[in-house]
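Next come two complexes built around chain A: one with chain B, the other with chain C.
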Partner chain A sequence: MKSVKKILALVLAVVMIATCFAACGSDANDDKTDAKEIVIGISGPLTGSTAQYGLAVQNAAELAAKEINEAGGINGTMLKIIAADDEADTGDKATSAYNFLKDQGMQIFLGTVTTGSGLAVVNQTAADGIFQLTPSASGDDIIKAGDNCFQICFTDSNQGSRSAQYIAENNIASKIAVIYDSSDAYSTGIYNTFKAECTNRGITLVAEQAFTKGNTDFSAQIQACKSAGAELVFLPIYYTEAALILKAAQAADFAPKFFGCDGLDGLLGVKGFDPALAEGVMLLTPFAADAQDEATQSFVTAYKAAYNNEIPNQFAADAYDGVKIIAKLIEQEGITADMSAKEIGDKLKVAICADGFEFTGLTGAGAPLTWDAEGAVSKDPAAVIIENGAYKAL
Partner chain B sequence: MGFLSNLINGISLGSIYAVIALGYTMVYGIAKMLNFAHGDVIMIGAYVVYLTSVKAGLPPVLAVVIAMVACTILGITIEKVAYKPLRKATSLAVLITAIGVSYFLQNIALVIFGANPINFTSVVNVPVIKLFDGQIVISGEASTAIVVSVVIVIALSLFIKKTKSGKAMLAVSEDKGAAQLMGVNVNRTISLTFAIGSALAAIAGALLCSAYPILSNTTGAMPGIKAFVAAVFGGIGSIPGAMIGGILIGVIEILGKAYISTQLADAIVFGVLILVLMFKPTGILGKKINEKV
Partner chain C sequence: MKNKTKTIKPYTKQSFITYGILIAAFAVTLILVETGSISFMLQSLLVPLCVYAILAVSLNLTVGILGELSLGQAGFMCIGAYTGALFSILMQEAIPESAIRFPLALLIGGVCAAIFGILIGIPVLRLRGDYLAMVTLAFGEIIKNICGALYLGKDSEGFHASLDSASDMGLAPDGKVLINGALGLNGTPKDSTFIIAFIALFITVIIAYNFVNSRTGRAVMSIRDNRIAAESIGLNITKYKLITFGLTAFLAGVAGVIYSHNFATLQAVKFDYNMSILILVFVVLGGIGSIRGSVIAAVVLTLIPELLRETIGQYRMLFYAVILIAMMLLTANTKFKSKLTAYMSKLKGLVVKEKKGEVK
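Here is the complex of A and B:
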């Protein structure tokens, strides 16, 4: 018996050592092949409570890259999209997703998808000097860590103040309540600027209710909004919690208007969610799939054909624009596949905010997008309302 | 009116905690172990209800019954595989095993059902009750949770007092060795306890996910821990204690959210646990057992 065990242990040890070497060998090979491809990395939640965002970004980026590659690439250089799952985590999962992408040879970073994960990696991306273009991490601090990071989405402060402005200018409601996630940088960021803008305009918030990550019982928050007589509840949060809040409001027979930001995009895509609950919910988005312009229509058609007839959300549109922006920059700056991430980063971070560079795409309502040196984009959000289970421009 | 609404919401949440706490308290009372995997059995139960009622379209009551059967089998299996071999081991070893089983169930659910949370469709089809011109609204889920938990506590109390198996449970909880000498099959009694506790977990899972319609592999974890606090609060081992503890914890949580801080609600609940352990370690209805030397 003893000798059998010894032999077994020896065999196992040999196998383990062999697999170690095998792994090293294949890694080295991967770096050598595909020399004509520029690798764009995406880090986003591919699973978990905000998975719709990460998957939308990944799908749309792959679609954009496919279109570019099929048209012959950029002066013969192809784009390759790789994605890593950060689960919208604010800590080690975000950093390990970024490191994984780096190990895979990422040269340009189209990430992160969420603000929380973005804040976890921006210092590292700044230190690495890689060109970072985030499709949807809207936090104000995302672009402050370094000069290498740029946003395609509008910033949280922009979303918060624009929401307050929209509500006030259109006289939607005078008694406003807020329910926000105090454990999330995105949600708190919008809440703060929303509140500041409301104060500026002389609107008082009748109830300000917070919750923390993982909370599922919103009856107390809804009750507080109801008791305060709120006509509108502002929800600067993500769709998973929003679905629970809408259900809690229904259970309490409380039917105010609900108004949200880009985090509510995806509400209608929640599995098993009753779309009737979302009827009349308003949200800010730079992209509505029902817009009639040609660029939007051809994107929506191509996206639906490629991904099970799914209607693309604004994250998909932002990511699609992102790949096209990168392609435009690559062409303009003469970037080649053999350049390192740092070399590419040094060129692109100057080029994107240089005078004269602009991009017209799906988001931004037809107006060309430009970037300031800080990294923020010139883009105004537009409001949509959910009617009969679909978005309708307001 | 706001206070009354909050109170009703608290009682409704507390009733769900109570049903979960019953599972903890029964297993502790009889096997003298803390089954930390109980919360995850709830999660599995909720998934079974989801698969049978929403996916397969079976009527809700039948779905819950199927989930009860599935959880009973799961509970007995866990007991046979993980806990029975450790019957003579230290209580710490059993505790660690229970935590291991908990993680095992969470991760197996992650593999089977994926990481995307499911929006659970309520299986409760009870009309909304409106009082005082609609100022107080009691949802069907809330009233069902309250009624179901009361029925379960009464039924369990009667079962333990009146039936032979129930009396055997009581005997095992008081003295395992003596009960065995009197002809009680201790192993069977413990299995029965796990079976009942797990069946209750399935009901709790259906109630929990109907009231808070989100289902993921960690859905049972937090309610499980809070129900454990409730069981300790009410006096672990005592069935009416679990009911009282559950409802009090639910009310404390909701009132704490409404009047102290929405963000400190969990801290308040666990603060209560610390206070109970400091001033009345046996809980509200717990009996003080003098260790004989």
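Here is the complex of A and C:
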């Protein structure tokens, strides 16, 4: 009998502990939103190796919301930005970040920042019917899961085929090599469409070199490209690795042309990297911080003033545009703060791809952005070349 | 009743306490979910919690019972996740009923992982200690990288595979890409529910307890304690090691299947060595050899960083690391441990005494 009681006591204790835990969680269920605030949630890597992307998105979104709120809000409705760290995870961390935002009363989802996390949550956002506008998750499959998800950045396949098209049409090179990250969805996505477009156009790739996440020595890949006689090396990768590749190329006395996509944006800001190595590198990017138009200049000035003189990258620009797009939609559709995420989603997902809705912001090179029903943005990547340590339009 | 309880062996009692804790926790959670008094975030964590607990319990068989350090748990999980998800995607039309399809997927994922576990175990288990850890770590990375580079498609002519790119497979226009390299699998049916995940965890715990207490389990433990003595009484060391390693791989594969069916997409990059080490941390912190401890550590350590989101935001990972270090130091400290056990037994005594008093 004694042991039965002991078991019973333990079970009861566990029940008590479990209830405590549950009580912690259930607080979050309460609607905390002020009736006058619309809550926009951001999910991105705020810690870890890609933290600068998530932080850039968070900073820029907060800046945009601040500007809107200081100007009196949208018909008196204020915007509130909340952010959750998904660590660029492709599984449970991403969904738990999204659900955390939901618990905090998120009504519009400005996320995710990375493609991998995006793929993990899109089915749930589709089921929830929340309006999702991703600043930088460029994977093609992100927008396919539901009719509620839209992109501000151009898709990976678009970038890959546009790069091949650009290289072919401008006769930049005929012997092309590729170095890509085979463990990364973004990099392989671009690589695959780039290769397909090259095959279509009769361009042969003389070398295709892969590496995986965390690699820091690229001399083997560079040697392979060099011995294949490549005139141009295509780099559909992020800038951290690109900086190392440029260094390895210099060490190997190999000076082809380099061509990259939006992931190379930020190359000039890598610490300890000699910007002279980046001279002549071409890349496709939607945003250059030193563009002379007024919108870009005022954004860059405001961003620098707010965040320790940091120069905003394209992630920041996309997020800034994202908040402004949401604000424009809110105004147009007469969204109020007391509407549920689903009600807002139902209205916005129709409005954003309706005829006549367009948005001119930082990232469209002056041209207005429009969206198709699937969720892709019409936006042409612009090619720039790095000259004298600055971007110059090609 | 009195006589019966007296004859219960301590080990059986321990296992029944664990079952009781599990069922109580399950019942409470289920009631909370049904009444809607639990946050979305915790709801989304229920299945991953069960998955991590299964992984920790299964790894404990190798680390705690067999006494060998394995760092390849994520690799077995990856095999289970990929094969299970692939099976479900292919069979979605042939077997529309998920109640039949999902158990089959679980079985296939588990068996595939077990086959790999045994195949790797044959050469690897001849190594000891650090060497085994290194080889299993390398194995996990190889699996992750192969899965991450694998392209698999299906058209009217059958399956096509490539390790280079989707276009190299030579798919007919009607073909469908099933595994898309680093982008992984897409469109896995969301068959995992908390109830299924919990049942799997419960069965895992039952298997683990019964395995440890079985003839095989005792043989395995004798190998751990003294290999030469075990060999001298005629135990087939390789056989018992392989059984344990295979069982660990099987359960890890099952956990992988549940994991993959909880998300619509699956990417191999998730199954890196960090995952293996995380699971090892659960096992070590929960107490090597303690099955109940593994479950509790997996649940608590998965919940901590998530619950800290609201309070300390960005610093949660720092805080988490500090908690880990503190717990490691404290649990390794014999003085603290003896004090804790003394305190616990005192507490237990109090509770039981009070109850006795009430009865009188």
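Keep this in mind: the second predicted complex is superposed on the first by the 361 of 394 C-alpha atoms of A that agree within 3 Å, B and C clash if a C-alpha of one lies under 4 Å from a C-alpha of the other, contacts with A are read in each partner's own complex, and residues count from 1 in each chain.
The rule we apply is simple: contacts are C-beta pairs under 8 Å (C-beta built on N, C-alpha and C of every residue); 3 or more make two chains touch, one makes a residue touch a chain.
For clarity, every value in this text was computed on a predicted model and none was experimentally measured.
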item	value
Touching partner for A:I385 - first (chain B), second (chain C), both, neither	neither
Chain B versus chain C as contact partner of A:L244, first or second or both or neither	first
Touched partner set for A:N123, first chain B, second chain C, both or neither	second
First (chain B), second (chain C), both or neither touched by A:T95	second
Touching partner for A:T47 - first (chain B), second (chain C), both, neither	both
Touching partner for A:T188 - first (chain B), second (chain C), both, neither	second
Touching partner for A:K271 - first (chain B), second (chain C), both, neither	first
Chain B versus chain C as contact partner of A:T199, first or second or both or neither	second
First (chain B), second (chain C), both or neither touched by A:D103	second
Dominant toucher of chain A (residue count), chain B or chain C	C
Doubly contacted residues of chain A, that is, touched by chain B and again by chain C	47, 182-183, 210, 212
Chain A to chain B touching residues, read off their complex	47-49, 51, 87, 182-183, 209-212, 214-217, 219-221, 223-224, 226-227, 240, 243-244, 247, 251-253, 270-274
Sites on chain A touched by chain C in the complex	1-11, 14-15, 18-19, 21-22, 24-29, 46-47, 84-85, 89-92, 95-100, 102-103, 116, 119-120, 122-124, 139, 141, 145, 181-185, 187-189, 191-192, 195-196, 199, 208, 210, 212-213
Chain A-touching residues of chain B, taken from the complex the two chains share	1-2, 5-6, 9, 13, 54, 114-121, 128, 130, 134, 137, 139, 141-142, 211-214, 216, 222, 253-254, 257-258, 262-263, 265-266
Touching residues on chain C, where the partner in the complex is chain A	1-2, 5, 8, 13, 16-17, 20-21, 24-25, 28-29, 32, 36-45, 48, 144-145, 148-149, 164-167, 181-184, 186, 190, 259, 262-265, 267-270, 303, 306-307, 309-310, 313-314, 316-317, 348, 351-352, 355-356
